[in-house]
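Chain IDs A, B, C, D and E follow the sequence of writing; residue 1 opens each chain.
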Amino acid sequence: MEGVVASVAYADGKRVGDVAIPDISEVLKKPDHFVWIGLHDPSPELLKQIKEEFGLHELAIEDAQAAHQRPKLEQYGDSIFVVLRPAIRAPGQEQVELGETHIFVGARYIVSIRHGATPSYGGVRTRCESTPALLAKGPGFVLYAIMDFVVDQYFPVIDALGDQLERLEDEIFSDDFDRQTVQRIYALKRNLVEVKRAVSPLVDVCNRLMRFDLPLIPDDTRPYFRDVYDHAIRINENVDTMRELLTGALEAHLSLTAVTQNDAMKKLAGWAAIIGVPTMVAGIYGMNFKFMPELEWRFGYPAVMAVMLGACGYLYYRFKRSGWL
Amino acid sequence: MEGVVASVAYADGKRVGDVAIPDISEVLKKPDHFVWIGLHDPSPELLKQIKEEFGLHELAIEDAQAAHQRPKLEQYGDSIFVVLRPAIRAPGQEQVELGETHIFVGARYIVSIRHGATPSYGGVRTRCESTPALLAKGPGFVLYAIMDFVVDQYFPVIDALGDQLERLEDEIFSDDFDRQTVQRIYALKRNLVEVKRAVSPLVDVCNRLMRFDLPLIPDDTRPYFRDVYDHAIRINENVDTMRELLTGALEAHLSLTAVTQNDAMKKLAGWAAIIGVPTMVAGIYGMNFKFMPELEWRFGYPAVMAVMLGACGYLYYRFKRSGWL
Amino acid sequence: MEGVVASVAYADGKRVGDVAIPDISEVLKKPDHFVWIGLHDPSPELLKQIKEEFGLHELAIEDAQAAHQRPKLEQYGDSIFVVLRPAIRAPGQEQVELGETHIFVGARYIVSIRHGATPSYGGVRTRCESTPALLAKGPGFVLYAIMDFVVDQYFPVIDALGDQLERLEDEIFSDDFDRQTVQRIYALKRNLVEVKRAVSPLVDVCNRLMRFDLPLIPDDTRPYFRDVYDHAIRINENVDTMRELLTGALEAHLSLTAVTQNDAMKKLAGWAAIIGVPTMVAGIYGMNFKFMPELEWRFGYPAVMAVMLGACGYLYYRFKRSGWL
Amino acid sequence: MEGVVASVAYADGKRVGDVAIPDISEVLKKPDHFVWIGLHDPSPELLKQIKEEFGLHELAIEDAQAAHQRPKLEQYGDSIFVVLRPAIRAPGQEQVELGETHIFVGARYIVSIRHGATPSYGGVRTRCESTPALLAKGPGFVLYAIMDFVVDQYFPVIDALGDQLERLEDEIFSDDFDRQTVQRIYALKRNLVEVKRAVSPLVDVCNRLMRFDLPLIPDDTRPYFRDVYDHAIRINENVDTMRELLTGALEAHLSLTAVTQNDAMKKLAGWAAIIGVPTMVAGIYGMNFKFMPELEWRFGYPAVMAVMLGACGYLYYRFKRSGWL
Amino acid sequence: MEGVVASVAYADGKRVGDVAIPDISEVLKKPDHFVWIGLHDPSPELLKQIKEEFGLHELAIEDAQAAHQRPKLEQYGDSIFVVLRPAIRAPGQEQVELGETHIFVGARYIVSIRHGATPSYGGVRTRCESTPALLAKGPGFVLYAIMDFVVDQYFPVIDALGDQLERLEDEIFSDDFDRQTVQRIYALKRNLVEVKRAVSPLVDVCNRLMRFDLPLIPDDTRPYFRDVYDHAIRINENVDTMRELLTGALEAHLSLTAVTQNDAMKKLAGWAAIIGVPTMVAGIYGMNFKFMPELEWRFGYPAVMAVMLGACGYLYYRFKRSGWL
């Protein structure tokens, strides 16, 4: 069916087989069975079917349709609705992209809905099926597996942003910076702000899952959610650290620009003096007064040149010593 | 009556008909009926009538009269008083305007009072009447419908502010900025601060409505208030993100101005040297000493010109290489 | 008596009559009576008398004597001690002044002590006496009336500060700023910080009064304290907003100063080049070489002048186009 | 004994007499007696003796030995251990010094240990002995008296820092600032940060003492600790205010420096033009072209001088009008 | 065995002897015995053995394998898992390095796993064995001893960072700063941010250990954890103080750079005027007008020279007086 990536029934941690959407109620009549339905950009009709099948709340379905949600966890009676925002970063590209995933979890079903460029959860399914003992814990464990996958995908993104920050630092302190540096600092800041917005509500989502008193989260899956929580906290801390360092880098950049300008100004002043003094002296001996005895002197010219050179040399020495040149 | 936009009785989610203000008590004697009164800039007398009809608290009525309140939720016995600040943004205008709405909600009535340029709630009424199943939940659902409408109106405002921010970023990094850029950054900041002040107390209002243990908020309307809460949080987050980015943009602007000045200073210094050196040399050979052998040389002039050109060329090359020109 | 502004007994919301301090115990023997004593800069002896009359705590009396307290609420057994800091702003003056008021409230008495330039509470008394139904609630209502009066006095102060901020913004963006602008920004910041210090503890005081479980605050006066609380929150928010905008204004000022300097620098560089080039050319033709063929040319002078004008014109055009002039 | 400043037994608020350390247990056998031991830089042996006498915890003794603690309150069974950091500011000196005091309080004893330059508590002892009614409350009241003394010593320090801040403000806005101003701003910041670190944990210590449910803090001493708490809050607020103003002052300083530089730059540019134009004109008429008709004119020289003066005058007028000169 | 540093059984606070990993279960059958196993970079197989021996949780073992955790405390049933990040600072090196240690604590065992450059816990073991009374408290006390050791190692690191900060302050205010200063400020900031990340979660870990209600933390070891908590707080506060001062230092640096530039600009302007004026005058008398009476004067040349010197002297005096030179 259009938009359905997979629809599989599981029992006792083992795959029972594919199920067509209309046959789900039939399957769920058997005890200990649950279904895991994976959707990708589903049509409104499909969503409506799913909604009726599992009795999902209208508002959650509206959210799942609309996308552009922030990560959150909402409880509707015995079922929960989770929104995640997986991060993807195309190699060679600086811009981080944030996808969106909606997950409905009930005691006997889990429905994951991917939007746009979100990566496929095929790997998660394979991994779950390879550990039947864990998969037997039911939809709660599948939820963990998806969240773990999503959170783990943040690490390479964070590392890439960290590398970018280090390159920017090198650029700033190697005195090789220009207008682009500032633009790159700002672009990195934007990326960090966006990743932060995607990750920081996750911490709260995991925290609540760790403490949830619902049959669909068995007690022994709690340490798993704590693990995801821990990762989310680490990513969060990393982003905060980078933001703080970036602010520091921008301040350092401003200070260095000021220092550079100081140096340029001092050089300008120094050389202006070294060029200005002989020009002034030459101007004086370029005057057309009738009676200027020096002009008649046999060695007037070399003497004046010597004076000029001496003045320049002295200025050069003075400026050099005080660090202006 | 002057100031009364609509005054309608509902029963079982269906419109029973218009009611004159004085007949309200009559209508409310029938079970399961409730009235929804919409006012616009009501006169003090009208408000007094309403107050007596429903037994509203004097202080809330004072607030409703005075306007210039911040969004809030106050409980008076079994009824509540809500203040909202809808945002409107005239197309083509940068300035966001904030209207004001006061809502009194009791078990059997809801009174909404619009002030100034606040948009009409006619659409909300139509939408409510089109879903009788929901309208049957009573005044609590109407309150939700109004809040949902007000909060949803923030999204286009936020989008417009976001566009403005992006235009400012382009302006800053395209090196096309001037005094106006700074003024626009500040104006956007002012807008954001004002929107923030209107939205951020809303989060708290929704949060309390979600948890309120009052008969006028039936249990099954809670997910609806959570939905509004969720939207308010998103708007809030958007505003915070924009404020942070705007601060970054202003810092970037300052850094870029400093870099630009550096560049100008270096260019100034470079060209000053390139013009200053030949001027100095020319000054020397403009001196009127009797005995200046070079002046007599046949090729003195071309030689000096060559020296000048050589010096200028060398300086030009040096400055170019070190990026000063 | 020196320092006693008024000392009046009330019963059932009606003024019974003035009471001399020593006769108070006599009056309080009658049921439902309470006294309201207004003092202004009382002498230590008077305070001692009051202390003994009502059994006030030594430490509170010390505070009332010393002034220079921060707004606070302290409970001593069944009575409370409140410190308020009313704001006054002389018309035409930029500086906000903060007075100080101490209030002792017990079940049967209220003692208000004004210090320094604090405005008189005569108006509060008149207003209370004009609403006997409310005054009958006892000293708790009088406390509300005084707090309401004090908090309402902040609004004109806040408005005046807001006007000042807007004038500063105009000054900054009209490019008409100078050293005084920075000083005025700083002075406004100082004022805001001081008003903030006076208002922000008030929020907490009102909050505690709203929740207090004391017989002297009857249940039905709670909405009144919530009203004062609401006003205090609004003033607080206003001050915070202004502080944030002021910070933004100072940053904008710095950015604009940098932009202005950039413009000046570019103008300087441009005109230096336009003056420098003809000076250099003139210098060259001012050299005294014997063999300079151009000097002999019939149209050498006009040609050189044309070259100079051309160069200047070209530079002017280039600088103009790139926005340096 | 070396390091013992005083060791006195009290009963019923009256001084019973000095007690040698080894005789303490003897004294404490009598009911209602308590001892107050004041130590100054005690030797490890003395501390060990004290420890054994009162059964103090090893870790607290280690802390008392080591000094360099932060203000804190620790409860060990029925006794408490308090660390305070009194502030001293030598007159005429800008640097604030922070001493250290450790206090052990049990039901029947109080041991105060001063380190380094901490002022003597002799005055506290005298004051306590002069109010037997209060001293009779036992060690808890003595603890209050010491804390009150320590906190009150902060006020002159705070006032002196406030004066320093005002002098700095005057310096900044009187345009009389230089490198030293920045250094002084930074030094004041350092002082404020250090005072803050000493005072801000005190607020928490007092808060906990106000709420402590220990026999050694009788109920009726609670208002006294609330008083100290109140003072600590006020000092804390003062420091925060000063830190905020100092930040504002530094920003104002930066802005003013930029404005000053702008003014200097504009002056430089203006005068450069006024000097540069006649220089250029003079250069032109200094050229050696054979055919320059102006040179032959009878009034060429005065005419050119008039042109020069006119140009300079015009420039001066233009620059003056636009505020550059 | 590869990776096992020590594996020792203790009973009643006394060392019973080394135990091979496979014999542990045998030893633990004896009452009151516990084992302390120290590992260093263990192989996955070794970890697996340990895991099976003590029934550790798979997720904790994964963490212990992977390293790169943040300090944390996790409870798995009756056992806990602690991650610490000891700091090491090679003498003469500015960069702080953070190692990593994982600790599993159960009622009868403690397993400490060091990673990378983390210092050996041999000293901790010796110290524990030298106080049998304390060691008899079991694995909880050993945990304290390790944490105390790790936290105490931060103090020299903090002191070194403090020295670095003071050297930077001296550099900034001695006017001896250059590009390297900014880079050093940034490097220190990076170090502080990293130390902060390692220490600040420690405060929470200690806080929870102080309150834990687990048999493996006996009541009388709580004051010990409070001691570690206190140290962690102090280190945290130190880092925060340094960060605040560093921010102030960077701002001061920026302000000083601006002041320096101002001074350079003023010097440049002053000397430019002093050189420019005689150049202009000389240019005037270098004009070739036929009729320039001054040129013919006998004392024209000395008179002009006097005028030039006078102008320069006057300018010098004026600039000196207004502080430009």
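In this text, a contact is a pair of C-beta atoms (placed from the backbone, for glycine too) under 8 Å apart; a residue touches a chain by one contact, two chains touch by 3 or more.
The model shown is predicted, which means the values in this text are computed figures rather than measured ones.
Looking at the partners of chain C and chain D together, they share no chain. Overlaying the C-alpha trace of chain A on that of chain C calls for a turn of 145°, given as a multiple of 5. Remark: chain C and chain E have CA centroids separated by 40 Å (rounded to whole angstrom). Put simply, the C-alpha centre of chain A and that of chain E have 25 angstrom between them. Annotation for chain B: residues 254, 258, 260-261, 265, 268, 272, 276, 279, 283, 286-288, 292 touch two or more other chains. Note for the complex: chain D touches chain E at residues 57, 59, 69-70, 72, 74, 76, 177-179, 182-183, 185-186, 189-190, 193-194, 197, 250, 253-254, 257-258, 260-261, 264-265, 267-268, 271-272, 275-276, 278-279, 282-283, 285-288, 292, 294-301, 304-305, 308.
Across the interface of their complex, chain B is touched by residues 169, 173, 175, 223-224, 226-227, 230, 233-234, 237, 241, 244-245, 248-249, 251-252, 254-256, 258-262, 265-266, 268-269, 272-273, 276-277, 279-280, 283-284, 286-292, 324 of chain C.
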